[in-house]
Amino acid sequence: MMPVDHLLILGAGLFVIGFIVVTTRKNAIAVLIGIELMLNAANINLVVFSRFDPDFLQGQVFALFVITVAAAETAVALAIVLKVYRHFKTADLDKISELRG
Amino acid sequence: MIELQDLISPTDYDPMINWILLLLGIPLLSFISSLFIKKNAPIWSTFLLLVNTGIAIFMAFSFWYGDSVSIKGVWFTLGDTVMSYSFYLDRLALLMIALVNLISFLVHVFSMEYMKSDRNKPRYFAYLGLFTFSMLGIVLFHNLLLMFIFWELVGFTSYLLIGFWFEKKTASLAANKAFIMNRIGDAGMLTGLMILFAQFSTFDLEAVKALMIFSEIEDGNWVAHFTNNGQEVMNSLDGRWLSAAGIALFCGAVGKSAQFPLQVWLPDAMEGPTPVSALIHAATMVAAGVFLLARVFVLLDAQALEVVAIVGAITAFMAAIAALSQFDIKKVLAYSTISQLGYMVMAIGVGAYSAGLFHLVTHAFFKAGLFLCAGIIIHQLHKLHSDEIKFNEQDIRVMGGLRLKMPVTFLCFLICSLALAGLPGFSGFLSKDAILLNATAWAEIKGGGYYIVIGLAYASVILTAIYIFRLVFLVFTRGFRLESILNKPGLMDKVKEGNLILLIPAILLAVGSISIVFGANVKAENTWFMQFITNPIYLVPESYAAFSLVDLSEATIKSLHGWVAIVSISLAVGGLVISYFLYRPISKKALIFQDAPEPRGALGRISFNHWYQDVLYEKAIVKFIVIKGKALAWFDEKILDGFVNGLAKTQVVLAHIVRWFDKYIIDGFVHLTVSTSGRIGQATRSIQSGNVQTYILSAMILLILLLLWLMI
Amino acid sequence: MKEQSNIVDGLGEKLSEIAGDLFYLGPEVTLAITIILVLVYDLLFKDKKEVGIFSIGFVGLVFALVISSFINAGTPFGGMFSLNMWNLTIKFLLILGGVLMLIMASRDQKNINRFGKSGELMIASLTVIMGASLMSSSTNLLMIYVAIELTSIGSYILTGIVRGRKRSEAALKYVLFGGVSSAIMIYGMSWLYGFTGTLNISDPTFFSGLSNVPILPLSIALVMTIGGFLFKLSAFPLHIWSPDVYQAAPTPVVALFSFVPKVAAIALLIQFVGAINTIDFDWQLWLGIVAIASMTVGNFSALWQKNAKRMMAYSSIAHAGFLLVGVIAFSESGNLALLFYAAVYLLMNYGAFLLISYFEKQTGSANINKLRGIGLDVPWLGVLVVIVMIALTGLPPTAGFNAKLLIFSSIWESWQGSGAQVLLWVFIIGLLNTVVALFYYLRIPYYLFFKRPEKEIDKAKLTSIDIVWGTIFVIPLLVLFFKSDWLVDFLNNINFVL
Amino acid sequence: MIQGILSYIIFLPLIAAAVVLCLPKRLESSYRIVTVVATGLTLLLTIIAVYSFDGGIAENINSEENLQLLEKSEWFSLDLGSLGSFSVDYFLAVDGISIPMLLLASIVLFIGAISSWNIRQKKKGYFALYLLLSGSVLGCFVALDFFLFYLFFEFMLLPMYFLIGIWGGPRKEYAAIKFFIYTLIGSILILIVMIGLYNSVYDPVRTGAEIGVTSIEQVQTMVQSGEVAREDIIKSFNMIYMADQANYIPGSLLSQMSGGEIIGKSARWIAFLALLIGFAIKLPSFPFHTWLPDAHVEAPTPISVVLAGILLKIGGYGLIRTAFSFFPDSAFHYSWMIGFFGVFSILYGALNALAQKDIKKLIAYSSVSHMGFVLLGLAAMTVEGISGAIYQMFSHGLITSMLFLIAGVLYDRTQDRLIENYGGLANRLPRFTIVVGIAFFASLGLPGFSGFIAELMVFLGAFKSSAVIGAIPQWMPVVATIGLILGAGYYLWTLQRMFMGKYWVKKAEWTERLKDLNSREYLMLVPLAVLVFWFGIFPDTLMSLINSSVEGFTDLLNQAIR
């Protein structure tokens, strides 16, 4: 099986990619995807680490929770994006910047 | 070891206190009442003064032979220090109260006529009352603090009286000048008080003198040993403070008695009514300085006395020069006063205590007399004024030949002038002779450069004679120049002799200037005055004390006696002769004097402008202070206060703040906070670009920065 | 076969245990039930639902409030939560915050309609409160995560649900920002889990596990985790979202945001730093810097705001900093001070927002320039504003002063104890911040009284009940200054478990 | 009646304020009556208090036996668990230092109330605020619990802020904000020290009760030897305890024994400096004075009267009561600097006054100059110096009130304060001129007026100082005498420009508006003039009250220095 640290590095990489996506992509949806990536990076870590407490497997439970909660969050987020789209006729974050100062 | 509390503990009841309170109360009463009873104020207050004079003279005669009385009491306590007051009646005090009251009374009488037409009579007489009150205060109290208080009050009343005609700008300015010059002196005197208090923690003069005996110089420090409420006290100051104390006290005298360099106020003070000049600026107030010096005489150390002597001599000479060329009759007398005060101060300086006081008394009479005569002339000439006739009635260029029209005045004026010039047979001669005698002896002992000092003194003897007889000749002899100026012949006939109310005081004063009053004797020290009021002995620690006066009076005087008198007389006569040749009735100068211009030539200008001292002060000091004030105000408003405007501006634009900040760094702290608060505010806000991704990024970066901070 | 039965009766025990433990979560359960009721009611009725929804929500909250004051300390669900009297009091305050929020909302017809139109607003706010009260007592990373997300999602909905261009934008920013920060937090947590092998922070193995981790990874993990808390606390540097949200969201909701999640996060932080206290990660220094930064940034940025609500957002950032001071002090007196501060902060902040909502009602906007001269028409209102602003600044005679006094005394004490320089700086800079704060807090009274209205705009009148409510919100601030021992004694009946 | 009189004095105005607020608008005219009556009664009570005050007893300032009219009851006490607890008392009392200030305050407030008679606009607010101000000002002088003191101290700002900001002159907002910010900075510094102090000082009596020991000395020795457990120690805001170094918790930062340090400097020095600056702003001393001219120029007459008459004094009083009492050693350490700032303020203020065009500004700067004497006197740390400082505060309070009333009289008639716009007023307003003369000469320290006595004492004390305890060098008072000359300079110059010479005013229409003093103005000015005379001629009326306390105070200082 794969050694642990490979997986951790994968997680870290995923996290970084996710963050880059979040900060660079202009489309709100894309940003959401980026967030998902970051969350999954965390999930990988959790699952990996949960190998070390075989009796409880808290990590995996945690991962499950994260996935569900993330789903809920994304749902809300998408709803909001729709709302925004109704007003701004775009999902481009650069254009959605009226509140400032 | 001497106990302080014994020295200042309140004395038990002494009937004398009633007399004293009466003496002080009556003038005060006249001050207050005159303000309320408008109509008869003059006669009423004159009456009160008559009563007071009566009391004073009675006291003088009845207590003269008794030994001096001192009454002490507690004024207030400051911590555990008792601020006592004390009255002290010795011969000097008796003499002074009599003198002050008498002259004040005469001036009151004179003023009744002189001020008749003035609608502010009540205020005038009230002021006179207040003045008499505070002058008597100085004389009667024997406590430096209380003397200082009345000292300042006297200055205040003189301010009021000089500025009596406050509509005249010159008058109000002169009043200010007088007060401020006095204030400068007083500031110095206050320092003297501080020093003595720090050393002896009391102001009671007797106590101070007693303690001074027990103070000594220990390796350069001036140490006062005594016990206070039983516990031992050792106050120690640097030895130089001893001399400083003397000089500081003298500063007070410099202010009041118009000594160099503060004398400039006195000539301007002539803006006040003439009787006031006679009372305050000739006879009493200006003499207060000399009186003070006499009171603290024994506390002055050698250095201080030297300063006193030198300043006195310089003043005497400078003023005498200045008096030579004035056109305003009162100005001439004013400068002459300064010069005579110089004499007295010098006398104290050279240790001629009693001689100085003697001159104070004699001078009081003849100078007041001169002023009153001048007053009469001015008053009478003023009556000539009409719609077409306008002239300055104080200008001697318009006078002349008045002896025919006002012979009595002339006579009085002449007598007083002779006294002033110091010719034998008149009081002035006696006192002046005594002073010169001592001064010469003093120079003999000190030798060297000190001869210059008495040189100045002798010089001013002749100068005095010159300027006073110049006055006599120009005013009383030859023809009435006003006629030819306005070419209105017969104007002379309109001039009348003053009425009795004006004349009587003048006459009395003139009589007082004849030497018989002080004993038919050519030798000063044989007069009753010198007999009774004798030189005290020094109390300051040995190493600082001046030479003892005993050998001064005994040894040297004997040897000098004859020819000092001769020299002074001959100088006086010489002066008379010179001025006769200059201004005698038929001399050119006297004829064309009517349109005499301001004197030209270095000496003339110096004399006429009184050594340009005023100009110097105007240009240098006053200007400087005012400018400094303006500058500071600017600094305060613009710089120290700049930050708030900075605050106002931060609301508008950041740029402004930066400019402000760079411009006004001095104002520092507050401005800094405000402007930087503006800056930081802008900075922190600028993150809020509105773009969520910037938010996230900046947040992350900041988070990482914080992390790094932690790592480092 | 055997195992089977084992598992079964084991399950039985578990179930009974859960049922027993459920009592500890009384308030949360009550809130959950209330949410369901609201939902049902919402579905059953078509229109004129305002009264119903309001009353259900209100009653539910009050009920939860009552229950919360009957719970006693314990660690239910195998250490998922640790309830002590301290965070129970916090819980009480949180729910109280909910109640007051509803009252505030009921002062304005517009808000009533918003709440009434559909149940979402009510449900969302209830969710926020529930999540917060869970957060305040949870000691398990998983629980913490869930609770935080509960609060966050609720908040996103609250921000976005009411229609409006600005609101939707704010909501979007909020949700994205929140998503990222929670992702970061999870990642951090995952590492903590990796280090320690447990999710339960109160578990000794958690501490022992952390204490032998090299400093760099440890600090990264911790900073990431705490970052998630700071987001809820809207403290520097994760405060950036709040001004936009505050400006956009309806005023009562903003009031809720400004109190409930913050205080919950503080409670959480107390638990958390308690767990990581003596490991070689110098959290005191780190949070100290955060606190100073929050106070300074908050106050200085507030100087420039034209909009009262936006200004209050920055002020709440500053106050987050002040609350952090109490955490940093990390002493009993510090915790007491925190409770006191939280209680007073609840009053003054809600008071401020209530008054602002009045002005909105009158002038139609929260723009400070619109407030010119109102104070002279409605002097009493003006007086109330002055009191509240003085309280927020922290000057006598308002309880705000005592709160500051206590919290800074505690930091002084712990400085005297430990002598750590950072505490001194927190102390000094914190107090000097008061001066800066005065600048902007006073601007509102300044406009109210000193400025003349340039043109007469027709103002909606305030009913006397409005004024009364305002007074009810504000007067305690004065009373608690003069008798702050009342509050303290109430908060004081707590046996600290640290 | 006598017992609890101080509470009456404080609360009477506050109750009156409530009354004013409750009175309906149609009774508007009655507000001012209420105000005058309330302040009048306060004055009456104060006079009773002063009568019942016995100046004899006060051996050492830092024990409660020497306080009189003492009212002490627990206000609230917070239990901080294992770290002990602290208690705040409602603690009012007077000693020789506060009684003159109290008297001054109630006199000036009464006068101010009378001069508020012709306030036109928003009467309700004005009088309510005025009464609030009165209450807090009076409280400031009798509160001996630091918390209570700070409450009153801070609470003064708000009414002042609004009184200047709403009823003030053209640039009122600016002046008000400036005043507020300036003073707040000061009070924050004070607050910092206050927190530090109450964390370092304990209440021996209560602590004794806690551990069952009655004698204070025993408690103190026990605490100093560390026999008392931390949680038994009850911290205290009591200023009297703070003044006794034995009441400092051992090891606490500000305790003299433990000699705590902040960034390398002695903590006590820093605390002292903080207090010094805090109160120097109020005093105000250079360079913290710039709020004063604006505040005065913009404030309405009664408010500038109160501001200059009382509020400035709180600065000096605070210095004596807190900074010098708590940190005598630091006070001695910084005495040179304090003295220097005193002398500098004297000259700086005087020179500034010399250049002012606006008569109110002139008076304001003269205040800066006169308050310099207070600093100088305090720095001297001798009986004379400190008595002088107190006396100076008292007399300046009376004189400067008179001066501002005078400025107000002129301003009421012409709405103009520029000196150069008037000339020869003496011809038209003889009585007014007399009053002005009295006020001016009193202010420039003419003997016979209270100002002279005060300045004299300061000078004597300051000169003695170096010989007695070596606080400040002799040149300081000597240089300060220049202040007297400058004082005479600007006052006489003003007098000469405005009142002497031919009558002339800028605008013709002023002439008929320029009437001589009316009866109400007499009512304000004459009593003040009389008082100024009285205290100039009979200093003992005041000295008998303050002497023993001041001695106690200086003993305290000397012990600390040895």
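For clarity, chains are labelled A, B, C and D in written order, and residue numbers in each chain start from 1.
Quick note on the criterion: contacts are C-beta pairs under 8 Å (C-beta built on N, C-alpha and C of every residue); 3 or more make two chains touch, one makes a residue touch a chain.
Since the structure is predicted, the reported quantities are computational estimates derived from the model, not experimental observations.
Chain centroids computed from C-alpha atoms place D closest to the centre of all protein C-alpha atoms shown. A straight line joining the Cα centres of subunit B and subunit C is 79 Å long.
Per-chain CA centroids place subunit A at a distance of 65 Å from subunit D. Averaging C-alpha coordinates per chain places the centre of subunit C 43 Å away from that of subunit D.
Rounded to a whole number, the gap between the C-alpha centres of subunit A and subunit B is 96 angstrom. Shared contact sites, meaning residues of subunit C that touch two or more other chains, fall at 172-173, 176, 180, 243-244, 304, 435, 439. Across the assembly, subunit A contributes residues 19, 22, 31, 93, 96-101 that each touch 2 or more other chains.
The set of subunit B residues touching two or more other chains comprises 685, 688, 690, 692, 696.
Pairs of chains meeting the touch criterion: A-B, A-C, B-C, B-D, C-D. Those residues of subunit C lying in contact with subunit B across their complex are 172-173, 176-177, 180-181, 215-216, 219-220, 223, 227, 236-238, 240-241, 243-244, 282, 285-286, 289-290, 296-297, 300-304, 435-436, 439. Those residues of subunit D that touch subunit B in the shared complex are 174, 177-178, 182, 185, 287, 290, 293-294, 348, 351-356, 383-384, 387, 424, 426-427, 441, 446-448, 452, 456-457, 459-460, 463-464, 467, 474, 477-478, 481-482, 484-486, 488-489, 492-493, 496, 499-502, 538-540, 543-544, 547, 550-551, 554. By the touch rule above, subunit A contacts subunit B in their complex via residues 19, 22-24, 31, 93-94, 96-101.
Against subunit C, the residues of subunit B that register as touching in their complex are 673, 677-678, 680-682, 684-685, 687-688, 690, 692, 695-696, 698-699, 702-703, 706-707, 709-711. By the touch criterion stated above, subunit C contacts subunit D in their complex at residues 331-333, 336, 376, 379, 386, 390, 395-397, 401, 405-406, 408-409, 412-413, 416, 424, 427-428, 431-432, 434-435, 438-439, 442, 446, 449-450, 482-485, 488-489, 492, 496.
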